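These notes open a run of structures that come right after.
After this come two complexes, each holding chain A, first together with chain B and then together with chain C.
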Partner chain A sequence: MTSDKPSSFSGRSGIPAAMTRRTLLQGAAAGAGAAALGGPLQQGVSAQDSPPLIVAQTADIETLDPPMHRARATQNVHQLIYDSLVHRDENLQMVGHLAESWEVVDDVTYRFTIREGATWQDGSPVTAHDVKFSYDRTLDPATQAPRAGLLDMVESTEAVDDRTVEITTKFADPLVMVFLTYHAIVPMNLVTEQGEAFFEHPVGAGPYAFESWQLNEQVVLKANPNYWDGAPLIDTVIIRAIPDPATLVAELESGGVDIVPILPASFYEQVQGNSDLTALTAPGTAVNYVGLNTTMAPFDNVLVRQALNHAIDRDTIIAALLQGLATPISGPFFPEVRGFDPDVAGYAYDVDKAKALLEEAGLGSGFDATLDTVAANKEVSEAMAGMWQEIGVNVTVNTIEPGVMTERTNSGQSQMWFSSWGDSSADAGVTLFRHFHSSQRELFKDTGYSREDLDQIIDEGRATIDLERRAEIFREAHRIVVDDAPWVFLWQPTAFGATRANVQGFVLRPDGYFFLHKVSKG
Partner chain B sequence: MGTRGIATDEQLPTLADPAVAAGRSRREIVATARRLARNRMAMFGAIVYLAIALMALLAPVIAPHDPGAQQLLDRLKPPALMAGGSTEHLLGTDNLGRDILSRLIYGARVSIVVGLVTVTICAVFGSLLGAIGGYLGGRIDYLLVLLLDIWMAFPFLVLAIAMSAVLGPGPMNLILALVLSGWVAYCRVVRGEVMSLRERDFVVAARVVGVSDSRIIARHLVPNVLGPILVLAMLEMATVIIAEAALSFLGLGVGSSIPTWGAMLNDGRAYLRQAWWLATFPGVIISVLVLSINFFGDGLRDALDPRLRNR
Partner chain C sequence: MLNYLLRRMFLLLPVIVGISILTFTLIRLIPGDPVAIMLQDQPHTAEDLSRIRTQWGLDEPLLVQYGRYVRQLVTGDFGRSFMLQQPVLSVILDQLPATIELAVVSLVISLLIALPVGVVSAVRQYSRFDRIGTVIATLGISMPGFWIGLMLIVVFSVKLGWLPASGRIDYVAGLEPITGFYLLDSLLTGNLSALTSTLKHLIMPAMVLGSAMAALTMRMVRSSMLEVAKQDYVVSARAKGLKERAVIVHMLRNALIPTITVLGMQISGLLGGAIVIETIFAWPGTGRLTVQAISSRDYFLLQGIVFFFAITTVFFNLITDIVYGLVDPRIRYS
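This part shows the complex of A and B:
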């Protein structure tokens, strides 16, 4: 899906949660409900007896309040607790979730019918008013929601009746449906009643009910037996935060973890060689890049940014460190994205050219810089630092916590940072808007890159519904971004995850999201 | 010399006369050195330590490769003696294709320098404070003991982590963090020694004839506590080297561009099953260095201990 980083590699993402993060250990009513119901039978074992399903990510969740983050690890957990109007299935086809059907009334009007029998985990029905409330809350400037940028094409949401909701967009946008998958629906009555406190122990309409959150440790969820798509097969799900990938794999091997949805490619052989584990791969929908802060010298000089791009030997890194599980990219998009321009050559590995560019920039003797990275990407970051050393650029690798990294890049403090960006919308609009449109630089200072003419092109492309014309406009933007090189464009990683061999029904999706209610353990 | 006039009095301890003291201590140093030289373990420790120090000093000359040079396609090559190894990389290569032997040689610089500098600063600073408190006593000593107690109650690792977070990693910040935690030990030992020496006749005599406090501390007390300080410094050096390795292991050390044994150990941890040599060699050399210093320190303590003198 668009935006949000695949949690483990990046850590870049959201803004710190507005609510207080506290360890919440309150009894969950839903847990008791699930036990009473028993759930469906799976190989003769009833759900209430099943051992917990343990999933591990390299980052903890940032908040329990759906619009208050831009982090993949957080979104993955929210999608289990909350539900959206629509989602995409594992083949990335649109399917109804809280909406059982929808119709496109005209270019800018979409009408959804709320699913008969869709309920909150406390038993009350989900209504069109909840949908309106959720979207309005996200878009309300007072909320200061980092996720508002993923909904900003919505002009208004109206509840026609209890089960019909109508969304009007500002312009004709072919991606509206995709964007709606990124937004959780929250219960209007409870949120209004309880205010911020609601998000310390939220109630959603998803397959799992929130039970507890121990900061930097784990989130515990209990099955919601009334979920519209059937009760989850496993009664308890624990999402653990384990930042160090080596520890993550060790836990997987020892059985302390059942599923790791995203793993660094360097563990591929090790996982494949272990008969207790199943290695899963899928075509990726993310790109890895190094962000360059164009507001800081010497990164304000485009020649320096181009030199840094030319100095990286992507093929060697992919072959040696990523076990072949990646494809080099020439710009911010991978080839499947609408707006990708195959004629853009990008930056071939060329040390002499890189040195010449530095010389031209007046930095022939090189310079010192610091590259922020997270533990999972330390090795690749150090390999790149070694390559930049070849052109005289002395890069110190600064390994920090994902949350610290988010803060540093959002506030524009990072000089260079290694990150990844997931965009499974297969349309350049999302990436261009989030990373290269000036309007987003207030929330996410990042590279500080802004160009008025590029803003206009992005605006025009996003408002163009004719897909051919849209692609053409985005290709223009693609060329500008590649020439300006606010990023060091690296590669498109192949999605790689692993489960214990006894885990059944887990699907590694191209977009890196996961849903667990059809997963069981043999 | 204020003491010169009465120093020859048979009733006074000869040590009160610096000239006599010097002569006697020279004799003692020779005797101590002899005892030390007879201690095989201590000599073994000294030789190993000197060899590693020499290795650090001559790193650019003896290291076969640039410790930072990466050969990604030659990564995880085993040591020369194993199948697949080559004499090009005697101890193999790490996860980025860097020569492990060269990194070990360069890494010695951090361990040796951080160890020496930290221990020297700690010993000078801590001993002086301890000597002042122990000699003067009274309110100043009370405040010193209070400070020591508070200081020792503070968890060192937390302090070091906090400093690294505030100041960022780097050799200077690392040494500062180690000094802040390390001076206390010297202060306590020296204070105790000085308190007992203070009441001894030669000190009393010096005071009686009007020698100034600072002179008494510098000329009469400090030389007499040098032994314990040296022994402590040796044992502390081992502790400091381990602390440096631990902080580097945690990523709080001297920074990622300088090879250190602790950081190598940490990087190798992820490859323990695929490539044991990444973590094993730095682990072994840390142990060897620390053990050699401890052997020497123990030998020094025995050599200085009057109760063991005639063995």
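This part shows the complex of A and C:
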């Protein structure tokens, strides 16, 4: 059952990221009348003054210790309890959180000023020493932190004074700030005093204070009235873990849950058609693609790869199977990514051209192939197999468990595989390096695709601080990758979430985080 | 009897060693690397991968890893879950009460259905009641639990709004857990709203599990009742004019022996966690934990769970054998 994840969180879907292009679309359901019908939680029996706000994710948190996990559902909750130095707003613009301002001293030095009045939930002030302690703790090999790798560009952190912290990086990298948003700050004194026990009942500087956690049941949080961005409007927040998406939607419909930040596209019509609910969408920060193993015949022939690209009718699949919740893409990036080239046309749906390309490759009579996919993407994969059949390519869909698929693609056993890739940094460097740079082939055999000239372009772009120049360099890489077609480039899934109609102030962010202190219930 | 018990206990030793080897190796035969799975969602490097592998001891030879596992097991240490960063045994024990509570209530429901229906179906064989019972039992065995579960949620939660769709209790009921068994805890603390909330959350998953079990148990009761009905002692009991009701009680005692075997198997299955039902109803038990351990390839957690429940199953088989002796005087242990 649990492998039936919606496509937006399947396979390799990474950190969904945000962008500015489109504004939030509100579903048809947001009626004031429905809101007046009032609160869910009809079973409520108790001593609470205001009913709690109930948010549900498909996974529970794994730990309360910030650097000790690599799970998105966990990070979402940590962000509410602890807060980070900086974060991005819903338009992906960098904003100060525990830092009120920062300056870039030189290519490798960043100086942050801690926000005046930022306090821990016990009332003591947040200081530069807490920041240094938190980063040092994450990077200390003795901590054995799975998150250390997300901070390894940091050479050192120094507390200049109580309110000034200076971070020196190992190399010039404009993405340093983005990486800092992934790291929660913890209170040095309390953690040093209490050790591991601190994380059983932690104290943070975020909008909500930790109250209790029962594994696979719920995390309960209480409003922190002294939060720097204003006291939360709702006293109690409950984060529930409900693994089955169909149950999630049933809970929303019956009023047991107020907010579900991420839902599979297949529930879109159901949510939209229910006047008690509000459907929310935002442009996603992932792309779906079919990887092609360029070390295996016939995928080693670029004409074959181009033919497979031309044979897919993306619009039809999006309309028929994804409830319209996706936008076709021309290459490996979605349009908001720095380095996306709008002049690249990509591969239009053209069966004749696809057949001609196969003919030219000497495979006019077609060939057989196997497409690996996970259960959540089975329908879409079968639809694509049907389209490839049109050009004589017989594709067998092989539905496997996500962990098995990771193993098969990493070790280069897969011929073709349906996958997704998310990148919240919205900078082409991350995707290009991970998927198309030869240095990664030891770790991820994947498509096996690389080129020396492309390596050079990627290296140059990643080392370029000037953002305009950086984008220009990456656009060249974009053109090369699209021409070589190591992927069948498919679409950018739209982020989709839902709330009860009486929920106000909830913003569906493209990067998948949720902040709840400005949310209220009518 | 004591001798028999001691001998059975002694025979458990090789079984336990076998289980430990099997769980250890089978889990590592599943394709998929736990570190790669953990890191797949975020940018990472080869150094990340090898560093974490070393930290978890996954880079050592399998024999060394197995040796450490056994050394830990002997001291009652199940190791540490890499997903949850907690000792495996405490995670299992934390999730166990929810599963036991659901199992017990499901079992009670199944017996309440299966015993009377099974007996009546046998006594009135081929009657309309028997035929309807057979059809319902066949449906109960063949309809998938996840489908019935979702249908119940749609009807009783979404359409009628009578029951909560998932979870174990409403937070607002304000239960202070003591034992982790919420029915018991709400009684102990005299919290009536917690008791109501717990029952409301229990009823749908317990009905799905209970009715599936009832279907099988009912067929078992029916067929063993029919079997004993042909035996001489039943005929003579009737011949000497015993009331039909008393005859049935005599029959039932013997008919229960095969039923107990089935029940014993069902209980140890339930304790391992009803994976599908716990997932559908977001029930915080061991079944869901197993799914999480598998999808993250959390070797220590998974081998801990499998080992724990393998031992539980062995233990329940022993109990079943002992209970035989209690219901059937022909069986003697020596």
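Operating definition for what follows: the second predicted complex is superposed on the first by the 280 of 522 C-alpha atoms of A that agree within 3 Å, B and C clash if a C-alpha of one lies under 4 Å from a C-alpha of the other, contacts with A are read in each partner's own complex, and residues count from 1 in each chain.
Assume a contact is a pair of C-beta atoms (placed from the backbone, for glycine too) under 8 Å apart; a residue touches a chain by one contact, two chains touch by 3 or more.
Since we're looking at a predicted model, the values are computed, not measured.
Visitor: Between chain B and chain C, whom does A:R434 touch in the aligned arrangement: first, second, both, or neither?
Guide: Touch status of A:R434: second partner only.
Visitor: In the overlaid three-chain picture, which partner chain does A:G403 touch, first (chain B) or second (chain C), both, or neither?
Guide: A:G403: touches chain C, not chain B.
Visitor: When the two structures are overlaid on chain A, which partner does A:E379 contact: first (chain B), second (chain C), both, or neither?
Guide: The answer is first: A:E379 touches chain B but not chain C.
Visitor: Mind working out whether A:A246 is in touch with chain B, chain C, both or neither, as first, second, both or neither?
Guide: It touches chain B and chain C both.
Visitor: One more residue to check, A:Q389. First (chain B), second (chain C), both or neither?
Guide: first
Visitor: Touching A:G461 in the superposition: chain B (first), chain C (second), both, neither?
Guide: A:G461 contacts neither chain B nor chain C.
Visitor: Does chain B (first) or chain C (second) touch A:S254, or do both, or does neither?
Guide: A:S254 sits against chain C, while chain B stays out of touch.
Visitor: Between chain B and chain C, which one contacts more residues of chain A in the superposed model?
Guide: Counting residues of chain A touched by each partner, the higher count goes to C.
Visitor: Kindly list the residues of chain A that each of chain B and chain C touches, one partner per complex.
Guide: Residues 246, which sit in both footprints.
Visitor: Can you tell me which positions in chain A touch chain B when the two form their complex?
Guide: 245-246, 266, 269-270, 313, 316-317, 319-321, 379, 382-383, 385-387, 389, 394, 396-399
Visitor: Can you check the complex and tell me which residues of chain A touch chain C?
Guide: Those in contact with chain C are residues 1-3, 12-15, 41-48, 51-52, 59, 62-63, 65, 68-72, 141, 144, 146, 148-150, 152, 182, 214-218, 220, 236, 238, 240-244, 246-247, 250-251, 253-256, 401-404, 406-408, 410, 422, 430, 434, 442-443.
Visitor: If you look only at chain C, which of its residues touch chain A in the complex?
Guide: Residue positions touching the partner: 30-33, 36-49, 51-52, 55, 83-86, 91, 94-95, 146, 150, 153-154, 157-158, 161, 164-168, 170-174, 177, 193, 196-197, 200, 275-276, 279-282, 284-285, 288-289, 291-292, 295-297.
Visitor: Show which residues of chain B lie in contact with chain A when the two form their complex.
Guide: Of all residues in chain B, those touching chain A are 68-70, 72-73, 75, 95-97, 251, 255-257, 267, 269-270, 273-274.
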